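What follows is chain A paired twice: with chain B in the first complex and chain C in the second.
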Partner chain A sequence: MAEKPEDLNLPNAVITRIIKEALPDGVNVSKEARRAISQAASVFVLYATSCANNFALKAKRKTLNAGDVMAAMEEMEFERFLEPLRAALEVYKKGQKGKKEVSEQKRKEKKQADGEHEKNKEDEEGEDEEEQRMEEEPEEGEEEVEN
Partner chain B sequence: LSGENLAKKTISLPISRVRLIMKSSPDVSSINQDALFLTTKATELFVQHLALSSFNNGCGKETNSLSYSDLAKTAEESETFHFLTDILPKKILARDYLKSLEQMQEEDADF
Partner chain C sequence: MAAAAVAALVSSTEQEPDRCGSEEENRGVEAGDGGQQPAGPAAPGCSRLSKLPLARIKALMKSDPDVSLASQESVFIIAKATELFVEMIAKDALVYAQQGKRKTLQRKDLDNAIEAIDEFAFLEGTLD
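And then the complex of A and B:
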């Protein structure tokens, strides 16, 4: 998978917006500070992923799940995130449920049309991975392991 | 559909980009959708937390600004942000660096 270095960075416009919303009005944020925060955010993702993955491996799972991420936050001493994360996840799941009903309907129609199997290889979290494919961006399946 | 729009409003960062970063981590096979969402949301919370902590803790408060040095200071002084010290090193003046280089060379010369 050839990735440009920029792909591991988060979009500057969004980062800037989040920073501005967090700070009191009128605070001037230097370009250098913005870039540094963006890089810090990428490092945060890597650190959180690695931490969460340890929990998954300990439980002998190959798929990272919500519990692993929450455990990682605690491990990293970001307990303050846990409540807002739980609340946000609830809202997200409700939205996904509506989406899933729509996509299941479409999938039923498609199956009848071309009779193909869309069974994925992971034994767990199958539902969620099928939802993944319904994401706006066309992404490759979760089965790939090579990085 | 309104539920879906509401869910979209809970995050601003693109999930696909966060997923890319996560997949670049070694030993990660697959990530379930909820975990992906949570990581994205957590990253946003992190950005807010880092920005605000650095601002409150830093030297820019008098001038109502947030600069790189505020971030570097926070990374060094705060336990929770300590993992960032490698990417947010404190900057030193070139002349101070050269001075310390000279000192090190003098010490080596003693051997």
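And then the complex of A and C:
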């Protein structure tokens, strides 16, 4: 890609919202300041990623993990972030676990349903074919007209 | 523009199936941003924990040629850290605006903060 990584900006609306929530009421932010903060945020992501990647490489891993990012924060002198990040990570992990269980359950239900479907396959196939034919009819009609 | 490229990147990244009500809020906010963000609906990270779209963060991370793979958790933490960073730099810049008896944060307040604060040294020379 010919684009610089800096072109991948974070959504302005979200950045603006984060800024506004951080500042007291009545404070405004100029467009230039907002743009600069958004750019700075992108640079931050790149710098943090690069730092974290170094830790991963040191540990001979190819996949960045949460620990690498935490180590990067310390390296970048953003220790103040560590506590809130750890807390947020815990909540995130729980949420992920819940999602996994939900999708696993769905897979199980699907398997069961498929098992039943196999018995009724012939009937269902017939129905499907009819539906397909109905959908195809108009197209075939068009083709004939073109010809 | 960059939006098309981002959209292409996003479509190739992993997508998480479920969405909470908060996702709709985020989509609404992003849509209000001139509709530049086709990446909106694809943004995973259901829970309110991350305001920034994980897909976009991941795309940024992947733009580093040295990075091969990043776990979902690492993408999330970087997103969250970026949020904290934005809060921090906004507050630090505000100090300079207040010194100038202004209620509007301006670009120069940011420049001052970057120059004065050690943690922001990495930003020097990187902003337009």
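We take it that the second predicted complex is superposed on the first by the 99 of 147 C-alpha atoms of A that agree within 3 Å, B and C clash if a C-alpha of one lies under 4 Å from a C-alpha of the other, contacts with A are read in each partner's own complex, and residues count from 1 in each chain.
One rule holds in what follows: a contact is a pair of C-beta atoms (placed from the backbone, for glycine too) under 8 Å apart; a residue touches a chain by one contact, two chains touch by 3 or more.
Keep in mind the model is a prediction, meaning the values are calculated, not measured.
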| item | value |
| --- | --- |
| When chain B and chain C are modelled together on chain A, clash or fit | clash |
| Chain B versus chain C as contact partner of A:Lys97, first or second or both or neither | first |
| Which superposed partner A:Ala88 touches (first chain B, second chain C, both, neither) | both |
| Partner chain(s) touched by A:Glu32 [first = chain B, second = chain C, both, neither] | both |
| Touching partner for A:Asn12 - first (chain B), second (chain C), both, neither | second |
| Identified clashing stretch of chain C versus chain B [5-13, 23-31 or 113-121] | 113-121 |
| Touching both chain B and chain C, residues of chain A | 3, 7-8, 10-11, 14-15, 17-19, 21-23, 26-30, 32-33, 36-37, 39-50, 52-53, 57, 62-66, 68-70, 73, 76-78, 80-81, 84-85, 88-89, 91-93, 95-96, 99 |
| List of chain A residues in touch with chain B within their complex | 3, 7-8, 10-11, 14-15, 17-19, 21-24, 26-30, 32-33, 36-37, 39-50, 52-53, 57, 62-66, 68-70, 73, 76-78, 80-81, 84-85, 88-89, 91-99, 122, 125, 128-129, 131-132, 135, 137, 139, 142-143, 145, 147 |
| Complex contact set, residues of chain A against chain C | 1, 3, 5, 7-15, 17-19, 21-23, 26-30, 32-33, 35-37, 39-50, 52-53, 57, 62-66, 68-70, 73, 76-78, 80-81, 84-85, 88-89, 91-93, 95-96, 99, 102-103 |
| Contacting residues of chain C [partner chain A, same complex] | 2, 5-6, 9, 16-18, 26, 29-30, 32-33, 37, 40, 46-47, 49-53, 56-57, 59-61, 63-64, 66-74, 76-78, 80-91, 93-94, 97, 103-107, 109-110, 114, 118-120, 122-123, 126-128 |
| In the complex with chain A, residue positions of chain B that touch it | 1, 3-8, 10-39, 41-52, 54-55, 60, 63-68, 70-71, 79-80, 83-84, 87-88 |
